[in-house]
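Shared between the two complexes below is chain A, which has chain B as its partner in the first and chain C in the second.
Presenting the complex of A and B:
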């Protein structure tokens, strides 16, 4: 009993301290403390600061560099058109080292040191999952460009949104019918052993089962692995289709060794372009990919029916019609993913304008404004294609592309519609308080 | 995959791992044997070798073999000179004090790694192999029609991987000849046995130290030149080889060269075979466990001598 009493008294002391802290915070927020008021008034013409959490180093570096180039191009376009609510946009870049711990620290810097209005740009799912709780605590809107299902699964919080890129669950649901009907029903999956790969494993297994197929083996590979041949003997002989998705600095080695393992007698291959992002498909050793299929978020090679707005987007981000840098034809972009940065920034702009965003006090209004968005037409703001945003799950839906390697180029063979990738809501973030 | 072909593939993979490992571990072992320096920056010399190979092959152009030959000569030499310079500049200044050299080489690790990041960048860069033909391997089976030769699915290697194994063996033989048959080798062995007495007999111990440190780093770089057409050059690639090299050197016995060779083959083959049959993670767990067991039951390593 005495134990219980002491516990109660402890809690009350703690809550008293908390109350004092909250009081001080409230005073600061209300501008009673000296200095803060002046800044708040001057802010109206000050730039809107967007914190860009960049994978500048670590295993995500290739993505980080191209996400950076896309972000710069998108911000330049927004500023050239008059900025947001008449204020210029300024991007604050911090390197997260593709590391979840660093990711959370970077968000803290954005909120407390740089006074950013929002944070944006993260790709790797473990970094998103590691950072998002901190965004919730800091009450900092966190726009991720990650593909992971963690946003729509309800795992994160109201401050984390993914309006610019579709998630793995939606992607694989729309791919599974094509795989089952055209390539084969017995699938061996090879995927990276972290949250993103697990999304592939779980949702594709479900989706292919719904098509009457089955996954005969699941081969998980650590994303930091550098040598892959040793994993391949676990591929069962009965396999009709290899479903591969790999990330990290060694993706080229991965695909090369896959080709060396099979030689001329390969099963059908269906890969996510992640296995080849930032890699030249004409690299030596990749000839065996001819005739295989890839999912692409956005077609790397300019297709015959390329729309004008896509052409403009390609030019703006500095990518030629083969998906490589205009400056260096060997420097291949992460073209299938980086459009997400462009589109997310345009959504942030649209959200801030409809919420009449003035400063950090309007962050909740901004999130509500984005949650209210639904259909977004294809165009200069959304060059990958039309999107349908689900405000309840904070996740967007869009078209998916299946391309076949033909004469060393990826040629789109099938386009899955928005409807093909829809699934039932698993969460309603709008019911959560701010 | 059937057991037989599966085992053969695993052994081939293991042999490639062993070949690279034996070179890196040998470098670490020589440095420790002669200088009593635990070189934590060893993995970064390996990484530098790989990055330089990419750099050299990309500026040379032409047939990939030309660039590769240039790299195999120039990269270990450059890395060796850099290491010898670091020895003069840093390790000598701390008087090869065991504790301080560890801290100094940790510093070198970060300086080399971050300098590479700032200049070379964070990307992984491929280097084209000078030759790379896929070789399907046959398997012999006693089937219905008597003894037959079959070509199992997935059982293959590449000509380049076989070259790596052969090249590593050649380097080892050359190293052994240098150590046992030349005057340089004699000076090194004298310094290893007793540096003070060697100095009293006129051996320039300071110079020998620089040479040895350069040689150790050069061996790591050579291993990297050989591996980079199979893997890719990346600024963080030095971590795993460092760890494995330490495991090998501890199991083999610090400073014992034959022990290092045996341990490298043991660890490389078991890594290959366990990785293929079970999982690469299990292979690492077992290697680390082995180190712990060796440290408990035979602290001097398999062939190491008890410190006097």
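Presenting the complex of A and C:
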């Protein structure tokens, strides 16, 4: 959905303003027109344009709306603090329809029509994978917020980076120590039978084995399935933990039927909040989840020890202490993922300032500046926690949260360290030429 | 637009129980209506004259001329306004205010198309009543409009980015010029009646309105005016069917079932660009299928009537063109059911964008601070209300269609046995379509 939850986006209004006749005045004031103050001055005060490839429609719309709200809030904060290199930041929003084909078109519009300096914001993996080659051809830095492993796996290119959110491989393997040491070593995995589920299966099987545990059963559910009871008898009796990553419209049905199958005598349950992102944990049918565990990219509920910078971030993006919109307590945010937009924008700012970025001719310098980044401390720029960027793989690493459903809220039980999520490099993008 | 939470709650609702109840309601209406003589229904479908109503042709022309100006401004905003479709008044007006909302207003409340169509008023002001130099042959009927409407539906369902403001502005400008030129060359009335598909569409849908304000204030049951139009010519009869078929496929093409047919993983929908051919093929096949099934249903009725009664001979073409108008309520009911949730979300974007229609940082009406929410899709209780409203629209529209069909059957025969016979195929179709419509609402969606 469009410009986030709030429509009072002065940012994109400004871009419109420039296009609508007021542009001539604005450009004259900035000194671009002949006979005015000259180009150098204009260049230094012209806005930095960031193309936001947004899932405004299509299957990613629920995420797109909150990515928009977070982007607006982050850019407002950057502009309030003086912009980037003294220049204001302007976000140009284009709807990619959560469609890889359209995603590539949108990148082209950013580069050729809107004259954007960089592109940013994509979540869904297939859109990233469909768009990244075009970013490479256009030589347009493309900062994705997708958590897919495709960046670090080496399948993309030097122009595509993921500095603001960790990838699924890191998330999954960092869960294994906690699961093995606290919940149990014999794990049954239940996952949807396609790439998303297969990633979880492969990454976790390897990681739990390294912790001395084992996956005793792998139950792949066809993506079109909407009833699950017949799969549950395949869960071995010896199972100590069920690891589930169901997604899609049938996820509440899955939880309800799992509850009906086990009753009070269930094994431990561990899941990924992706299953219930933007869904109220207190929804009817989810009572069975009380006492179970979830990975969270960022804790949805404000924790007792919430840092001030996180409190400020929560207020800026318009989310209350239960992870819902401050305007409607039923409107639950995609809180576990959207911080990635905030952090990525701050990294773009830091990269541009470090590279003394002046315009598109400095795009390669910008990428090199970001590649040179390593540790980023937790704070107002990185409210989710500290990050460690790997310039070779273009992928960031960070803390992961494991929360327990307690009285219908997610309470953080364990924070996995950056080190828990590290793995061997699979690519060195810095070896590729621009 | 996919909203996983809403879908998840729908799957937890006892939709099979609701669907059974809805289908039984339609079956019951068929049974009851056979006990009612057509004369009684005739009274039911005749309007009450509640007195004079002022006709203000000048006002209508002025408002329509103003609509041309607004249309021009919207096209301008489309070209030069924000690139974000949910922040740009052109796509919001076209797809939400007009295609979703004005369609329903036209069918239930007032002849809004007469006021907002962006050609008629301006054309009257410029050319008065001058006929064009060329003539559209009568045998063409409204077939050009049928073809253009099918192309429009293809754009709605299969285009990669129908929301893109600049893309939409190009289409809107092109279609405006095409229509205005056509009206000028071939005459305003003929072009609007035969080629301009939205005028044909809105006249058909508008005939469902309970209120008629052309000089007198007349009030009747939904559809009473439509019955006066029957039999339609063949092109308009087919138009009634393609409104419903296209709307139905719009719902169907998002379902797990359809995605399974075209080999797409519904949890990993690859985007509209990956299924353009499939969507177009499905759309046009659905249209052909519904026309075929409807024709078969009418034919079965005629053959059954001929078998039980030797008194009458009913020409197939006349029956087809007569009964087709009874499809309109279902088309409107599907439209309401299909777009209700989209309207609830996009309507908020329309309101907040209206605060700043030219994207100049204004905050008219104080609506610019509106925070868009989809929280109503996040609780079991609100999703249940929404679902039952959608299902209600589907069931009620079928019941109205049953009543209209029965009324129309009275034009071909009188005896109760004959009336049941001629409607037998259509009754089965009504029941099957109710089941289909409620199944659509309850089906998991992935696109």
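To be clear about the criterion, the second predicted complex is superposed on the first by the 332 of 434 C-alpha atoms of A that agree within 3 Å, B and C clash if a C-alpha of one lies under 4 Å from a C-alpha of the other, contacts with A are read in each partner's own complex, and residues count from 1 in each chain.
Definition applied: a contact is a pair of C-beta atoms (placed from the backbone, for glycine too) under 8 Å apart; a residue touches a chain by one contact, two chains touch by 3 or more.
These numbers come from a predicted model, not from an experiment.
In the superposed pair of complexes, A:318 makes contact with chain C only, with no contact to chain B. Of the two partner chains, chain B is the only one that A:261 touches; chain C does not reach it. By the document's definition of touching, neither partner reaches A:132: not chain B, not chain C. Residue contacts after overlaying the shared chain place A:235 against chain B, while chain C stays out of touching range.
Look at A:107: by the touch rule set out above, it reaches neither chain B nor chain C.
Set against each other, chain B and chain C touch different numbers of residues in chain A, with C touching more.
In the superposition on chain A, contact of A:75 is made with neither chain B nor chain C.
Within the superposed three-chain model, A:58 lies in touch with chain B and with chain C [touch as defined at top].
Note: residues 56-58, 61-62, 65, 226, 249-250, 252-253, 278, 283-285 of chain A belong to the chain B contact set and to the chain C contact set alike, using the contact criterion stated above. In the complex of the two chains, the chain C residues touching chain A come out as 1-5, 7-12, 80-87, 160-161, 163-164, 256, 259-260, 265-274, 345, 349, 352-353, 355-356, 358-361, 363, 368-376, 378-380, 382, 444-447. Listing the residues of chain A that touch chain C in their complex gives 1-3, 5-10, 12-17, 19-22, 54, 56-59, 61-62, 65, 92-95, 97-103, 105, 109, 114, 126-127, 130, 192, 194-196, 223-224, 226, 247-253, 256, 278-280, 283-285, 318, 324-332. In the complex of the two chains, the chain B residues touching chain A come out as 1, 6, 9-10, 13, 17, 117, 121-124, 126, 128, 132, 134, 136, 153-154, 156, 158, 230-232, 234, 236-237, 240, 272, 275-276, 280-281. Residue ranges on chain A touching chain B, taken from their complex, read 56-58, 61-62, 64-65, 222, 225-227, 229-233, 235, 237, 249-250, 252-253, 260-263, 265, 278, 283-285.
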